[in-house]
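Across the two complexes that follow, subunit A remains constant while its partner is subunit B and subsequently subunit C.
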Partner chain A sequence: MVTLLQTIDTGHEDMIHDAEVDYYGLRLATCSSDNSVKVYDIKNGNTLLDDLKGHFGPVWQIAWSHPKFGNLLASCSYDKKVIIWKESNGKWGKYYEYANHDSSVNSVQFAPDEFGLILSCGSSDGSISILTYIRENNSWDAKKIQNAHAIGCNAVCWAPAIYPEPAFDNNSEPNLKKMLVSGGCDNLVKIWKEEQDRWIEVCKLEVHSDWVRDVAWAPSAGLHRHIIASCSQDRRVIIWTSDDAITWNSTVLHTFDDVIWNVSWSLNGNILAVSGGDNKISLWKQSLEGNWQCISDVAKGQGQINNQ
Partner chain B sequence: MKVKDLERTANVAWSPKELSPILLAAGTAAQQLDASFETNAALEIYSLNLTEPGLDLKQKCSFPSEQRFHKIVWGVCGENDTPGTIIGGCDGGIIKIYSASKLMKNENGLIMQQQKHTGPVHSLDFNPFQNNLFATGASESEIFIWDMNNLQTPMSPGSKSQPLEDVLSLSWNRQVQHILASTFASKCVIWDLRKNEPIIKLTDTVSRVRWKVVAWHPEVATQLCLASEEDHSPVIQIWDLRFATSPLKTLENHQRGILSLAWCADDPDLLVSCGKDNRILCWNPSSNQTNGEVLSEIAKTNQWNFDVVWCPKNPAVIACPSFDGHISVYSLMGGKTQQFQTSDKIADSFPGIDGYAQAPVIQPQNLGPVSVDLTKPPKWLKRPIRASFAVSIFA
Partner chain C sequence: MAINWNSEYYVALEGKDLQANAMAVDITGTYVMLAGRRYIAIRNLDEECEIVQKFPRQSKYDVGAAEWNPTMHHRELCVISSNQRLEVLTWRMEELTQTHSLKAHTRVITDLNWHQMDPNLLASCSVDTFIYIWDLRDSRRPSLSLSAIAEASQVRWNRISSNLLATAHDGDIKIWDQRKGTAPVQYVAAHLAKIHGLDWSRTSETQFATCSQDNTVKFFDTTNPRKAEYILTTNAPVWRARYTPFGNGLITVVVPQLRRGENSLLLWNTANRATPMHTFTGHKDVVLEFEWRHKRPGDSCFQLITWSKDQTLLVWKIEPFLQKLCGYEPEDPQEVTSYHNPKETVEKVMKKAVPKVEPLQQEFSLLNVHIPNLEVKSMNLPDRLCSVQATVNKFIVNLQINFPATYPHGVPPDFVVQEDSKVDEHIANQLLQTLNHLAQQRVSKNRTCLESCLRQMVTTLEQLITDSETDRMFENTLVNPSNSFGGYNDAYIPFPRTSGAKFCSVDTLVCYGRMGHSHRLSAKLDIGTPRALSALENLLAKRSSHKLSISTYYYQKPRRTKASKSSKALVHIYDSSGLFLVHKQLAEEYILDGDVGTVCKHNAGAAALVGRWDLVQAWALAELVGSPQQVNEGDIWSQHPFNARLMESLISHYAKLNDLQMAAMLCCVFGKEQKYLMGIQQKNAKLSKSQPHFRLVPSTFTSSKITKHMLHKSCASPYHTIPPADIIAEGWVFPYLESMKTSSSLDCLWSDDPTRTVKSTTSTIYEYYKLAYAETLYRWGLLYNRAEVLKYLSTSQETHKGVEFLSECKHCMKSTRASNCSSCRRLTLNCTICHISVRGSANCCIVCGHGGHTTHLLQWFKDNEVCPSGCGCKCLIETANMFSS
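For the complex of A and B:
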């Protein structure tokens, strides 16, 4: 069911930590321990568009913004910095640099575009920063959630902007609350909500027995049900479901043979990709009865194309 | 960054990797007196509870003991899911064996007490492969290998090495199960337990070293490092047994003798040492820089830290007991450190002592927050694999 389309030899000199395709599927950005971020054009042959150098340590994650804000790419690195790069006239340059963390920034993600241009960053110093772009002054406002996780936050993910059901009272304003989920080295998954300019912790989910490596909030499928996937060093992937985002129920998707590094939802929230330490990526889907089944298994390196 | 603090003068051992949540066992340290001059000893177990903010460790249980401990170790033995066994080496040649599961239920956890050694038992180590075996070392070059299944008659790895000295540190090889390293002040003897005799004896006659601790490389079976507590040559030497005439590398950055070492089992590029210069340093032992590459200075305290222990389950965390009556738990993942002024309890109990000269304490120059990070990211941060979905709109 899964076929390999392309293999790109990136030319990175060290381990690659993330690869993300942009909104339209035209560009691929990769980041690596060699301190650089590379951008490729994947529509017309795999040409290297630019090599972005500006970090002084391994770059852990990259995120593309929604195209309505322009071509923006955010990267976070072990050197404690978050850099937002902007493309103008085919060349990429630094648009904004945030250096207010005390140690490695492990994760970045742009918020759903309905909220504006907002970026969240999780760091090993235990705090999460929310950077909001203020159009009026062309500046960025930074808010920090201190001590979100003891000894470090490994992943942050935004909740999709869900419009509430039209109430009987059609005059009430739609309440778009910004919500975040984060996972850290204290084995916890925490849900945060923005309440009048401050971020507060909604709840603390404690099931994992080892570091939570990644969290992912499923894109809304129109149903009023929130789903979060979290994966951990304890080799389990846990699916959390809730109706109100305040009380959550957990189910273990599966216990794997090796550490799970990453979970990622497909764009309509149906399929979950699980990346594990044994170099395996598996895809999971919920059946009609509610059980999670593995629909495919992509072992790394399968289907190598001879590039002569 | 200091994450937790405990006011005890004790030797510590972390719960083994298989156990969750993470616990810390603390046995009152022998040869130390705290401000109250109490000689009561206890073995206590604390929970690390990183999920709670704040600096406190939560005490799970406390069990009094007649003797105080020179060293404690925690190993898992037997079937899976047992909380394991804690072994303490005490004065008078006594070793005490506790069952951790009984201790946590607040029952009498002492399984057995053996007094086969002469002199205080300074060193202990569990065999990482055969977890029913552990080695103990005391004075007069005595080393015994015990089997948990038969604790009456310990084995000796060979004839005692002459001249008879205190066995300061013991460590089983992390790759080969029958190799044991034992350190004396002037030599390090490597034993092969299948042949029951020493196979190599390391000595360094060139520099004036007085060895204190030995630690094997977690991945390379023939490499180990030795630390010297001699103030005039406070070095850590990395030896490779294939070229056993002189050390492979020398790491020199401590200003006074080194009291303890720990090599990270999850990332062989991280080695932590603490010494009489009040510093805890993190090294990269694989680097080829002259004098060794110091990745970061984890802490600078007021008193000597006499031990440093890496947490097996959470490799970002180390525990360091110190002579000022505190056990500090540090995280290597960075963050702001406040220079905590741990009060000197002994001075407090003698009012009016301020006018007297105190032991020279290196005052930290600036008490502002100091950020300590490793210059190189540890292995466990490096994500090796990731998948993400994309949509291609244009056909």
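For the complex of A and C:
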């Protein structure tokens, strides 16, 4: 069901911490402990397009923007900085650098394109920054949620842009609510909402018994229901569901053998990729009855290719 | 380090309960390990107070031998033998952990010895007649096995040649070359009685000394093994005889079991074998083991550490006069009284004779510039500067020495390593530290220090560079030294991810991870994956002083093969489309253009091609429900609630399956059908004129075909829209949605429907399906198909914020967005070139308003710059300026 298309030797001199393919599936970006970010063309012969150097510490995570804002790539690092890189005429350069965190920045993600060009960053200093590009004066506006997570924030993820009901009132502008989910060292998953230029905490979800390492808000996929996956040092993945994004129900997807570092939803449908400290990847799918099943062939079969 | 020396030794440890019979000193000279049956104790000699850490052993066997690894690279490793096993212990973070257990010998191990250069090699010998050479990188079995027939009591690696080792078998010595492991390369019949100890010379690769029960120490040269070079005779059986690190001295101790009361520890000069040079008295019982402590820079005394049966650990200071008795002239005669140094004597004489001469001038003039590896570049007396260049290997250090005016009376000179030096900062810093220390020592006695500093500089440099090179040799080349973890809040930073999977784009799964043979450092210690970055620091802090990296956590052993370097950071890209029901080929094949029946038939065929038989059925159902052919006009069957219900349940079924493609397609087809129904209603409404709500809907809607046609026309004429340059990437502006809005199906239909409130929710969801499917198509690059789907949206997805061009009807002066006037229905725009009304694609100048058929204008502006109307406007430039400003 899953076929290996290609293997790319990134040539990083140290461990890779994140890899992401762009919107169209044409380019791959990777980041590593060797302080660099690399961009590869994966459609035409896996050529290295650029090696982005600018961080002075291991780079933890990267994120591609929607292509309507141009080719932008955000990266965050142990050196407390967030850098937004931009491609122009085939060359990548530093577009914006944000250095207003007091500790390692662990997570970056661009907001859904409907909101405009917005980046959220979660840092070990406990705060979440929301950087908004203002086209009028070609500048970035930074808002900070201070003390979002007591000890540190490990992951941030945007909610998909969903038109609130009743939607199709033709005259008024669709009123989209910006929402975020974050996970941190206080073992909590928190939901945030923007209201009149301020970010307020909608609710905190308390089930994990150790640091939350990643959170992922499922793409709406047409279902009028919110789904969030979170994973933690406590080796569990929890699926949170809600109809109104205020009251949430939790289901433990599975308790794994090792700590879980990543959860990632597919764009189309309810497949969740889970990976963690044991170097294994498993894919999970919800059946029509609502049970979560492991589609094990990746974990046990070709997924192992990954380890070789 | 302010240790109170009690005459020539001090007691470093008194441990009555240790019962240790093996002792070892580490390469740095900091730690002493004492190993016995019940405990392993570690004493830090740098600590002034007597702190001993004791680690209990669970073994019924005594420790036979113990030794620290003699290389800086593995300085934390030590090995002890326990009956038939060797235990390799790691001393890190004040913790002693066993990292390897080497077992191959079948009888008790008598001796062991680390290789002098290679940090991973270890030799052991046993009563079982075998000598094994172990490589720590593969601890399961010996890397080399030497079979000796007779049992071995001692094994020693040559200190200079990395391949030679010697073993003692009763009264004989065998010399082995590890490249030729089958038989000894040399055989020396050394003594008639048992050989207790064996030691290679520190200076010559061919010389070694043996000591024996027969009260002698014999010195051999492997080039002439038949006869001992010379023999040293004592009055007791000799247990150990070892060369001193200075001169041609030798230390001997007597056999422990024998001669209580005779516990002498003797220092000999091998050149003068008649009497011992010195007897170390202090121990109350026999000395079990002795070792030399690594000499500290700037320290003139060598230190000997001894462990005795009286359970005391003594540290002996070998004063320069003792060194001299062994034929060793200390390089730096700082502690030696001045008559040893003719230069200073002269200096003193000159000082008396010509008191006006500056001491610095004297020093410069008396400086012996012939120092190996050193070149004195310049000596500038007026500026009180001296610059020298030291070259060791490929390292070059340019040092500038600045002498303050009051030098040498208590004020040391300034040492500055110049920018153009080819040496790393670390070494430069250490060098400066040593030099400053030495200079301070000398000037505090009002002595000059230039020459001694220069000599010290070369020695220190050679030492530092050799150290750092051996270190570098075994450094994992993959580790980036610029990574410096260890911030104060690392405890709050999550441990880095080293594997992961991400779904990207539509159906790409990107995976990265560690290589197969990586294994965690902590695996043996049985700790789970740590949570915070600080774990890395804790685990590795003692291992490598300043280079922390995540990869060292996983790749424990230094890998010297560079070939594997590139294969470390692999990313795998998987095509996960097989997991999803959304199908790219279907997306390409599916059509929406045409009447419901044709569309459904075509799409069913497409589904059959890719083997989705469930979809074929669904399309067949959709066709039955929606095809106008099945319905006579006005027949109520088409409005039968069953139809709508069936479609809805079909759509929700596919949505539940997460087949957004089918759900969205059905939504579109459903919308198409509804549109048709609405058309009928409109007609009826028109006839009855009782539906003012719909008055904006053009009355010409008679069939779905016409509807399509109409929509199509308005779609294909984007002339009234000029997208600003910066939203071209976005590229999708749907000006016709506005006009569609009024004629749109679902809302209008449901607005008549009494159950509207219920339905609007579903309709909202249907819009999501279409939007989500449209995004998928966009990512796939199927732009046309995407546009087709978006036509069925009942709301504008993105409100257009760019410049919009309205044409004004010249007959009724009403502005319109469409190509024809809403009131008079005449076409509003005339082409400035052909003067015929424009129906299709059009372009206009924003500044002067003139324009017309796109093709005509394109042709015109190929050759011309000004407006074809003759108004004088430079349309292209003006328009461009307008948007750039």
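A few comments on the model shown:
The rule is simple: the second predicted complex is superposed on the first by the 286 of 308 C-alpha atoms of A that agree within 3 Å, B and C clash if a C-alpha of one lies under 4 Å from a C-alpha of the other, contacts with A are read in each partner's own complex, and residues count from 1 in each chain.
Quick note on the criterion: contacts are C-beta pairs under 8 Å (C-beta built on N, C-alpha and C of every residue); 3 or more make two chains touch, one makes a residue touch a chain.
Here the structure is a predicted model, which is why all the values come from computation and not from measurement.
Once the two complexes are overlaid on the shared chain, A:Pro67 sits against subunit C while remaining clear of subunit B. Contacts of A:Asn187 after superposition: subunit B is touched, whereas subunit C is not reached. When the two complexes are superposed, the chain touching more residues of subunit A, out of subunit B and subunit C, is C.
Of the two partner chains, subunit C is the only one that A:His12 touches; subunit B does not reach it.
Of the two partner chains placed around the shared chain by superposition, subunit C is the only one that A:Val2 touches, whereas subunit B remains out of contact.
Of the two partner chains placed around the shared chain by superposition, subunit B and subunit C are both touched by A:Gly277. In the superposition on chain A, A:Asp34 makes contact with subunit C only, not with subunit B. Touch criterion met: A:Glu206 reaches subunit B, while subunit C stays clear of it.
By the touch criterion stated above, A:Gly57 is placed in contact with subunit B and with subunit C alike.
In the superposition on chain A, A:Ile130 makes contact with neither subunit B nor subunit C. In the superposition on chain A, the residues of subunit A touched by subunit B in one structure and by subunit C in the other are 15, 17-25, 33, 57-58, 60, 78, 103-104, 106, 124, 151-152, 185, 210-211, 213, 261-262, 264-267, 271, 273-277, 279, 281, 298. Subunit C makes touch with subunit A in their complex at residues 478-480, 482-483, 485, 487, 489, 492-494, 496-516, 518, 528-529, 531, 533, 549-551, 554, 565-576, 578-582, 655-658, 660, 663, 727, 729-730, 741, 747, 760-761, 763-765, 767-769, 772, 775-776, 779, 781, 794-795, 798-799. Those residues of subunit B that touch subunit A in the complex are listed here as 1, 3, 20-21, 50-51, 53, 313-314, 316-317, 331, 333-336, 371, 373, 377, 381-394. Of all the residues in subunit A, the ones that touch subunit C in their complex are 1-25, 28, 30, 32-35, 42, 56-58, 60, 67-70, 78, 103-104, 106, 114, 124, 151-152, 154, 162-163, 165-168, 170, 173-174, 185, 210-211, 213, 219-224, 233, 258-259, 261-262, 264-271, 273-281, 283, 285, 288, 295, 298, 302-303, 305-308. On the side of subunit A, the complex with subunit B involves touching residues 15, 17-26, 33, 43, 57-58, 60, 78, 80, 102-104, 106, 124-126, 147, 150-152, 185-188, 204, 206, 209-211, 213, 234, 261-262, 264-267, 271, 273-277, 279, 281, 298, 300.
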